[in-house]
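The following pair of complexes shares a single chain, subunit A, combined with subunit B in the former and subunit C in the latter.
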Partner chain A sequence: MDLEALPGAVAVVVVAVATLAIGTWGLRFSRTTSDFFVASRTVNPRLNASAIGGEYLSAASFLGIAGLVLTFGADMLWYPVGWTAGYLVLLVLVAAPLRRSGAYTLPDFAEARLGSRGVRHLCSVVVVAIGWLYLVPQFEGAGITLAAAIDAPRWVGPLVVGAVVLVNVSSGGMRSITFVQAFQYWLKLTALLVPVAVLLVIWAGDGAPRPVTPQDWSMPLLGDGAQGLYSTYSLILATFLGTMGLPHVVVRFYTNPDGRAARRTTLVVLALLGIFYVLPPLFAMLGRAYGAADADTLVLELPRLMTDGVLGDVLTGLVTAGAFAAFLSTSSGLAIAVSGVLTQDVTVRRLPDVTAFRVAAVIAVTVPLAASLALPDFGVARAVGLAFAVAASTFCPLLVLGIWWRGLTAAGAIAGLLVGGAGSVGAVAWTLADDASSGWFDVLLGQPAAWSVPVAVTAMVVVSRLTARTVPAHARRFMVRLHTPEALELDR
Partner chain B sequence: MRGWRRRALGTEADRATFRTLHQASLASPALREGLTTESSERAARHLRALLGTPSLAITDTAGCLAWDGAGSHHASQMPLLVAATLDRGRTRSFDRGDLPCSHAGCPVRSALVSPLVVDGLIVGSLVALAPSQTAGLARAVDEVATWVSGQLELAELESSRARLAEAEVRALRAQISPHFVYNSLGAIASFVRTDPDRARELLLEFADFTRYSFRRHGEFTTLAEELRSVERYLLLEQARFGERLQVRLSIAPEVLPVAVPFLCIQPLVENAVRHGLEGVDRVGHITITARDRAQDCHIEVEDDGTGEEPEKVRRVLAGDTSIDSVGLGNVDARLRSTYGDDYGLVVETAPGAGTKVIVRVPKFAPGVSA
Partner chain C sequence: MSERTPERVRVTGPDRRARPRPRTGDIDEETPLGRIYLASLLRDQLWLAARILAVLGITIGSIPLLAFVAPGVVDVHVAGVPVIWLVLGVAVYPWLVLLGWRYVRAAERNEDAFVDLVSELER
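== the complex of A and B ==
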């Protein structure tokens, strides 16, 4: 290992150690009765929102957006906008009722709302599919980062992150996961904010060179025609509606004590994400100004491109730490969510309690790990975008109709999940297998949300209407529970 | 095809038996809900098919609950018939004289009224209405009424079982031990002169503790609420034991919103205080831990007291109430009935080695909400 790699290596080790340390510290923090009240106080919305931000900001946000904007220009700003606005939809339509339903996972919600084990199992399958689809780009990103930071071969990164996540999860889950994830958010924000601030000063000192751009870089939707317009709308739909269907985000809402706290948490998340997502496009702009070439590693290489010496090393170390935190937090959250579902619906019936969770964790991590090693590099942000499309085509209709329409039936939900899931997963599979986006056919499959979401909603509504006699008997009562504040004295 | 099917299902008599049993099985789920207008309406259809009469009615002791088939204008005459049958206590027949009718072609020209008996009390009657009476029909009505009575008795059994479970929770609520009340008040009294502020605080804690414990509504509460009650309990015990009672807590904040059965932790802590401190003359340590375990939440209550014979604990958990550890058995039974047998209490103990009780609660279970 040469001196060039030192900052990156140090950063990776520091993040891993800090993560493990905070995870242990949270529980060891024992108290006596005199401050029992502090010990039994629930997680406040600000801390919980930081934790959601930490879990949510993945490799796609940290590395992918800057690279996409660098290459494709202003059109790609819809990624950060959509990934933030998804929480607005979540806030308005889902956050509080979902918390009041008492569900921990999405399959729990489906079972509570529709009273059907069949829907529950189908939801579990979809959770696993989305989780894996989301994990693959995280591992890919890890490969890219370690390759750029310490010159390791591409397969090292996935193995390192996979191993750390596996140890973490199978040793009983990260102990005090809220603290760990909240720490990760602030780490990621610092790891972008400080370098951007320093680099902007350097840029100003260099006489603020204008970004070298072709004409359509800064103008959205220029010259892409109808296909570009379709892709953009489809992307907007997928990111706006997909957030509510992400398994690792939904479980965090359970930590809120009530529906009101869930709303406040979501509001803070919006602010935190808004601050964070300003930064990657600035990297892209600076990259253009200084002639950066490699999209995927732009964030990691820009500091050394603009300045050298100790400052460049420190900044490189910082962004590497942030990137590593991004894989670690998102992959841990996803691995826990996926192995939880696998434990509950697959392994627990065959194995004893602890073994079941460990076996599930191994399955949850190794499958996407193998996929990330086997599949060709696909672009971190685009792959995550496809996971959003699947979530938007399956869980978004289920949640929105389940919360706001009492006519939803189990048969309708199954039909919608099958149609939306098969459509979007099929499109994703096609796109992953054949990356040539030439004709309308490829464009439609490359961004499926614009057709798969309406189709799924239609299927749910039509089949529910046809099976209107099977609306669960407790639907009305359940609706009352979802939509009345907890403070109201009411027989639920 | 048709011939084969006939042979496979046996003789005409066999098939008649199957039909009868099938009709009966259709009626029984409704009857298992007890005798209400709704359940009667659902059962009447199948019972009429069973008896093969043009119409059939089910009544309670006052009047008609459900009428199935033609001639429902006779429903208003049922109270008289029922009253007459109740007097006699067994099946009675009535003819057209008792059923005045101005409708031409009305099939209801006679009635057979058979009482429905649950626990020796008549709760209603089954009324078969037909153009004419036969001895066969009378016998059939009698038998069907007996069968319906049996089903209603099962319904009664079911509801008394639910009432029993409810009574158990209520018993536990009222089970603040007299010793605890006496000791707490004694400890508070000892502070009244020396430290009136502390005495006042403790009294308020005592009031809050009893208010929570005597709470009337809801089978479930959140872990946060339950722990708050444990806190009050421990404050009161500490007033009595002073430095001899050392408590350590480590609670993962993620699991505080989990819905748990009402009073499922407090009795365990009470047990721990008793085992850890009473009868010994040294400092006792109690540790309460709540962990986040993905889909589940694990709560541990540990003391370093005298410990217990594992065999004795096993008997308590198996429901032996002769042993003075009612809280343990009760909590175990309620956890099992709420979440299934996989979620019973786990007790690790041995004489002289302290006791550790582990409660496992799923974060979500259908029908459970605080």
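== the complex of A and C ==
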């Protein structure tokens, strides 16, 4: 290994060791099944918010945004804006009721609300599908990063990330992962904030060269004309509404002590994400000023492009550490969510509780790991974007209607999940298979949310109306539980 | 043997010492009154959520339409920086936090009002 690769290698080893150490320390507090799934619901808002931020800021946020903005300009700012605004939508529509529902996972919520095993199983399938669709690009991103940072072959990154996640998740469950995730938010913030501050000083010292930008770099529309307008609004819908349907986001809300804590946690998350997302566009701006070429690894390579010697090495080590933390934390969160669902629906019937969770964790990690090794060119940013579209078209209508409309029935929910899921997954498959994007047909399938979300909502409402006699008898009681503050002594 | 002592019967009026019961009973028993209480809470909270989302849609959601209809407005520069970058790159985040903060305060106020209402004692 040459000296170039040393800072990156050190960074990866330090992050991996720190992650395992904190996970093991957290293990001392993990004793019961409840610890494994929801950290026994005792996580305070600030710690929980750091953990949510740590889990949410994936490779797409840490590396992807800077590269996309470098190449395509202002229209790409909609990604971080949408990923943050998604938490505001989640806050006002679902945060407190979701916590008060008292369910462990999304399928639990669906079953408790609608009293139907069928809805439960369908939700479990969708959770696993979204989770795996989101995990594959994380593993692939890890391969690209380690290849760029330490010249490792592409399969090394997925294996290292997969192994660390598996050890952490299966040994400590939710309780220990909460500490790990919280640590990783602050690590990621530091790993962007310090380099960008130093690089801005260097930029000022160089006489503040102006970014060299193409003509329409500062236009906030994806593409030209009406198609650009459609794509932009569809992306906004997918990200604003998709956040609440991501399995690793939702599972975090069950760890809050009560509904009010869930709201306050979400508010802190909004602030933490806002602080973070100001930074990646600055990397893009500096990259433009210094003629950076490679978008995928812009964040990793910019420090050495602007300064050499020890300072360049230290900053490179820092951004590599942040990128590696991004893969670890998002993959861990997704692995926890998928394992939780697999445990309850598959393995717990055959095995004792904690063993069942560990077996489920192995399944949850190895399947997408194998997929990422088998399909090395799945497309990182695209797959993450499409996972949001699928979440927005399935779980968003289910959660919003389930929480605010007593008339939702099991049949209606199944119809909406099938229609929204089939529409968005079909569009995803078409887009991944067919690369040429021209004409309205490809544009509509490339960003499906603007039609698939309304279609799913319509299906849920219409079928629920038609089956109005099957509204569950306990629906009103469930509304009491979802919306009344815990301070009231009610029969829940 | 025919004259049996009648069983002793205690004659009582309504218990005046009984505590008035709180209205949470109406919710638990799903009386029409309880349903009205719950419906009013739900309406208040949903109306609040709709207002916040409307503000979000009008402020941030109108930017693409503005860029489409009047590209010149989006291309304004201040001190060499395109304004749209300051808006989408920086200003939206404190704005989102402010909206969230207003929501949390108002939602907790709605809940407090509901708690006060149903904890009041029936006369």
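The rule is short, and it goes like this: the second predicted complex is superposed on the first by the 456 of 492 C-alpha atoms of A that agree within 3 Å, B and C clash if a C-alpha of one lies under 4 Å from a C-alpha of the other, contacts with A are read in each partner's own complex, and residues count from 1 in each chain.
The criterion applied here is as follows: a contact is a pair of C-beta atoms (placed from the backbone, for glycine too) under 8 Å apart; a residue touches a chain by one contact, two chains touch by 3 or more.
Quick caveat, the model's predicted, so the values are computed rather than measured.
Enquirer: A:Gly115 in the overlay: touching subunit B, subunit C, both, or neither? Say first, second, both or neither.
Expert: first
Enquirer: Is A:Ala410 contacted by the first partner subunit B, the second partner subunit C, both or neither?
Expert: In the superposition, A:Ala410 contacts neither subunit B nor subunit C.
Enquirer: Which partner chains sit in contact with A:Val12 here, subunit B, subunit C, both or neither? Use first/second/both/neither.
Expert: In the superposed model, A:Val12 contacts neither subunit B nor subunit C.
Enquirer: Check the residue A:Ala487 against both partner chains and state whether it touches subunit B (first), subunit C (second), both, or neither.
Expert: A:Ala487 contacts subunit C only, not subunit B.
Enquirer: Using the touch definition from the top, say if A:Val346 reaches subunit B (first), subunit C (second), both or neither.
Expert: In the superposition, A:Val346 touches no partner, neither subunit B nor subunit C.
Enquirer: For A:Leu192, select first, second, both or neither according to whether it touches subunit B, subunit C, the two together, or no partner.
Expert: The answer is neither, since A:Leu192 touches no partner chain.
Enquirer: Touch test for A:Arg264: subunit B only (first), subunit C only (second), both, or neither?
Expert: Touch status of A:Arg264: second partner only.
Enquirer: Could you tell me which stretches of subunit A are touched by subunit B in one complex and by subunit C in the other?
Expert: On subunit A, no residue contacts both subunit B in one structure and subunit C in the other.
Enquirer: Okay, in this complex, where on subunit A does subunit B touch?
Expert: Result: residues 26-33, 36-37, 39-43, 102-105, 108, 111-112, 115, 172-173, 175-178, 254-258, 336, 339-340, 343-344, 357, 481, 492 of subunit A touch subunit B.
Enquirer: Which residues of subunit C touch subunit A in the complex?
Expert: These residues of subunit C touch subunit A: 24, 27-28, 30, 35, 38, 41-42, 45-46, 48-49, 52-53, 56, 60-61, 63-65, 67-68, 71, 74-75, 80, 82, 84-85, 88-90, 92-94, 96-97, 99-101, 103-104, 107-108, 111-112, 114-115, 118-119.
Enquirer: Could you pull out which subunit A residues touch subunit C in their complex?
Expert: Of all residues in subunit A, those touching subunit C are 74, 77-78, 81, 84-85, 87-89, 91-93, 96, 210, 218-221, 226, 228-229, 232-233, 236, 260, 263-264, 266-267, 270-271, 273-275, 277-278, 281, 404, 476-477, 479-480, 483-485, 487-491.
Enquirer: So in the complex, which bits of subunit B are touching subunit A?
Expert: Residues 222, 224, 227-228, 231, 234-235, 238, 246-254, 256-257, 259, 291-295, 363-364, 366, 368-370 of subunit B touch subunit A in their complex.
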